[in-house]
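Two complexes are shown next, each including subunit A; its partner changes from subunit B in the first to subunit C in the second.
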Partner chain A sequence: MSTSYPETSSSRAALVSVAARTQAQAAQNGSGQVANPSTPLRPVVSTSGFTFPAIWSFPPFFTLQPNPATLAHQLNLWSELVLSWARYERVWTVNCDGVDGGGAVFWNRSILRRLLPATLKQLMAHMAKEGHTIADPPKQTSTYLLYWRKPADWGQAIYDWVTDTGQTGSILTFYELTEGDLAETTEFRGLYPAILRKAIEGLVKKGKAQVIKGEDGTGDGVRFL
Partner chain B sequence: MRSSPKITISLGHAPGSSRANGSRTSLQLADAEEDLGWSCTVCGYRNGGEDAKCGLCGVGKDRIPHSRGGTPAPNRTSSDRPSTPQPNVSGGPGDGQAKGGKIACPTCTFLNHGSMISCEICASPLPRTTRANGAAAPSTSAVGGSTTPGDGKLEVVRLSFRKGGEKVAYAKLKNVLSQKAWERQDASDGRNGRDVDGGTSTPRVSGIDGIMQTITLDAKNRSANVSSAFADLEVLMVRAGEMVKLAQSLNEKLLSSQRTNPPIGSAEKAQQEKEATLIRTSLVQLGLPAPALTSDMVRSDHEYLEGLARELGALLTGHPGVKGKGREVEGLMVGSKGRGVIGLDEVWGLWMRARGVALLSPATLISILPFIPDQTSPPIRLRTLPSALKVLYSPTYSPPNMLARLLDLLSPGQDSGASISEEAPASPAMEKSLSLIEIAAYEGLAIGLAKELMEEIEKLENGDMGGVGGIVRDDQAEQGAGGVRWYRDIMTGWTLEQKA
Partner chain C sequence: MRKGAGISALSRHSQTASSYSTLSSSITASQLSTLESSLSSFKDHLLVFAREHRQDIRKDPAFRHQFQKMCAAIGVDPLAGGGGPGGGGGGKGKGWWTEVLGLGEWQYELAVQVVDVCVSTKEGNGGMIAMPDLISRVERLRTGGRADTGGAEVTEEDILRSLDLLKPLAAGYTTHSIAGTTFVRSVPKELDTDQSLLLVLASDAGGRLTERGVMQTTGWSNVRARTVLEDCVMREGLGWVDEQGDERCVWVIAAVDFGS
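Up next is the complex of A and B:
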């Protein structure tokens, strides 16, 4: 519902001049795509080599905006940023109430801004709706799993590797898949157990694997068919 | 023994009429007629049937507010006036009959002949049914009445004049009795009772009766005061209208004189202009160049509302013809003293003050609001802020205009030395931001009002913004500036660079 102000039409001159200036500055960027507005903010490179975008240094980025349209854009930006950061750093979970604020991406110490826990929970809930995260013990709002790659993808990757290395038919433990010596060079090394389980369950549903319950004390095993 | 001349007053009884209470003297006890007795409804005291007033509390038997003056019963030798309506005065010496023919002497109890005035045995004066009248003749010796009230229908008062003067007294008495002055005085007693300084001549009102009387008097006085005050107000209204007419006529004279005598020299011209402005500003300060519009001046409701809107519009944006000191149009919302945003309650208050005594209700103000933009020269509109406060605002403070101004400030490439935000020089890699206090100072608004306006601006939707971005807030700013800083919105159009 937009309340129209009669002055908008009459003040269009003033607004147009501002718009023209911003667009002129943006056009000077010279890139082919739609350029971001020109700003003095610059990307930041973290110690681990991840490049945070310039918007990450923008203080209002860390405050949820009351304007619904702006909020939608903001959440989308965050969602992308979180997933790309998690993919780079291979971060599997987010604890919204954690002492570190959930992760380095959520706390920009150089501008002293962070996503407060309440805001972070809201972001996670939004991403869960989009399917990018899921509440890890279900039905709580504190810890989430990050699906920067869907479990189905993981499952497919594992299956491909298993068939490539000719291990179909043999039984592998879950531990072996992620921490084993052979799995050193795979892309799913260090995969979070919960995600691994979901991936395997997906494969089971497709009929490509079989789960073998381990005896007490040992982990479960899987046989690929 | 020769008896002195006497005036005898015989009092006839009207049935149930009010009879003065103190008819019993201290020397005699009344026969209380038990069969005719009545209980007072106020205090419950049992009175004799003949009494008009309760002996204990003084309220009249019939609750008549003005009872006969008389002190309550304990003082039995009260001096009352004769009260019944049919007194008979008969002059002449030594007439009259005592009841039963014999008078008992109070000292020795010897039964004297009825016409005796002093006891035969002990020579003490015999009691009579005399009521010593204060207005009696000068040389009267008032004899304590030896009355025997009760059975006979006739009561007798006998005044004995030892030293003469009975003729004068008789005449006077007859006069007074015929005038029944006591009745009239009692009636007017209620009115004058307060003014007379409690002297013995005022009949005292006692007990609850007195309280009730006082209350009635108070109420009467109060209503008299109020009606006289309202009468004053009417006069004031008339005078105010005359004053406005006078100012108007002055203005017209001034205009006409300016037209007919064009000033010659520049000094004269300046002088004339100064006078003209003086009169005009006093007109504006008086409030209105025209008398306040009231509902009886126009016929139709629509015209009335439009007329009112015109009047208010003139107040808000200045009268087209009246120019203030700075050669600008002066009004509540424009001009050197104008404020861009005024709350509706303040507008109403100022308008009513300008109108003087022809006041309107706030509902009327609300009903003329739709007409105001047509009647004002920068169109003034109504708007409801997020906190539900309704304000009138001039176009400079419409959200899109304010947004444009703020974005101008916040956009990069703007600093020309006049930097609004103090944070800018410290960190050159930052976006410009404004705190609420800085915004309020820049726009010339109160801080609370600026907060409301900012909250409204940040919620602007894209259609209202005219194509530019909006404003975003940063809630984690330092508390010293209010905890909130405002930036231009660069998030909405931002895309993260895709990684390879």
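Up next is the complex of A and C:
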């Protein structure tokens, strides 16, 4: 077959003898010095039903990689994972300095690995560059909003819903929009207020909505056009 | 033969010899033509068989393997064009055999998929991928992500054949057999001896290496062990670092079983 091996036969013999020694040593040391995670690594299903991919059980996944090419790949994997997890669990924010470590995805307790706050901040900054997160409030590195769906998409979803349910022209409060009885069956139920505001701001810019300042602390309202 | 005496015996002898040789050459010719015709009829049958079972050959790896073995036995390369080295029934246009079977196309398609997987995983594994992992990724690619791989199974043999096809492109795909597993290296850079050894150690340890462990098994100095591990991570891109354990570990990702 096409099996090519760059080594000479003597170095191959050396490899084989080392392999044999390794096995002998492993046998001597019992199961080895440090407990390995169970192999093969498998996807893990959380109590809420979200499936963490196998790489989530790979210990180095939680250490930022020094090799730039590997790091870029690692950050992309993390970004994908965080977004799909947040979408599944409907998580809107991440607090990098939170006592919970930012969220369940960032801490794999079964292999005792987590993204440490500094690492998590780097991931959030990377995701911000891709438009998947945004520091909120701006100019700090601790709390971020998660855009597993872009505010503009949320705005469109809200606008479509308002049109479909014949509420064009009427005034709805921000609270009503996402927490009201009518909103319960919509995809934007429970939408985080800061993201909702950005979504509405987008609609206002397009001339599709007007924000009406609330009085006596009733909260702002919005009229869809 | 009775040995005659006298001058007439000589001429009789040469006569006999010549008639024997005529007979023998005619027998040989008839045998050859029988053989040729039976070989060509065998090839015709093989073609009919191939055409009829085209789908099976493409879908079922065991069937494909048997078929390829059969072809090899009679000196027919299903990927080559024309009559092949078997001669006989030749004269058909180049690539005709490949067209009938569609196997060439199948094999090229597989080669493209192998390259696709190797390139798309290169960032993560440094261009070194274990055969089982490669196979399962290729199968997933072929099914468009479906878990059920029905009709899309490929074998190590299929992959190796595809890698052979890539040779003329000088893409530098090589295979390395390490501790019973075949690894495909898609970076045209040879691993030095120390890196190869590290891979042997890694595949024994499920991928996980420590400087101390490497020193113990190889007898290397700590400087050498550290340098080799460092090269594995930084230069080759094969290793991932874990700094949250009791000691710093390097995981050679190609040797880790992700159970896929």
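Everything below uses one rule, namely that the second predicted complex is superposed on the first by the 185 of 225 C-alpha atoms of A that agree within 3 Å, B and C clash if a C-alpha of one lies under 4 Å from a C-alpha of the other, contacts with A are read in each partner's own complex, and residues count from 1 in each chain.
The definition used in the following text is that a contact is a pair of C-beta atoms (placed from the backbone, for glycine too) under 8 Å apart; a residue touches a chain by one contact, two chains touch by 3 or more.
Given the structure is predicted, the values throughout are model-derived calculations rather than measurements.
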After lining up the shared chain so the two structures overlap, which partner does A:I55 touch, if you call subunit B first and subunit C second: first, second, both or neither? both
Check the residue A:T185 against both partner chains and state whether it touches subunit B (first), subunit C (second), both, or neither. neither
Kindly classify A:T63 by the partners it touches after superposition: subunit B alone (first), subunit C alone (second), both, or neither? both
Of the two partner chains, subunit B (first) and subunit C (second), which one does A:L112 touch, if any: first, second, both, or neither? both
For A:E80 in the superposed arrangement: first (subunit B), second (subunit C), both or neither? first
Touch check for A:T47: first (subunit B), second (subunit C), both, or neither? neither
State which residues of subunit A lie in both footprints, the one left by subunit B and the one left by subunit C. 2-7, 11, 14-15, 18-19, 21-22, 25, 33-34, 36, 39-42, 55, 58-63, 65-67, 69-70, 73-74, 77, 112-114
Of all residues in subunit A, those that touch subunit B in their complex: 2-8, 10-12, 14-16, 18-19, 21-22, 25, 33-34, 36-42, 53, 55, 57-63, 65-67, 69-70, 73-74, 77, 80-81, 84, 111-114
Sites on subunit A touched by subunit C in the complex: 1-7, 11, 14-15, 18-19, 21-23, 25-26, 32-34, 36, 39-42, 54-55, 58-63, 65-67, 69-70, 72-74, 77, 112-114
Help me check something: in the complex, which residues belonging to subunit B touch subunit A? 379, 381, 395, 398-401, 403-405, 407-408, 411-413, 428-431, 433, 455, 458-470, 472-477, 485, 487, 489-497, 499
Touching residues of subunit C toward subunit A in the complex: what are they? 123-124, 126, 160, 163-164, 167, 174-177, 179, 182, 190-191, 193, 196-197, 200-201, 204-206, 208, 210, 212-213, 216-218, 233-234, 237, 240-247, 249, 251, 253, 256-260
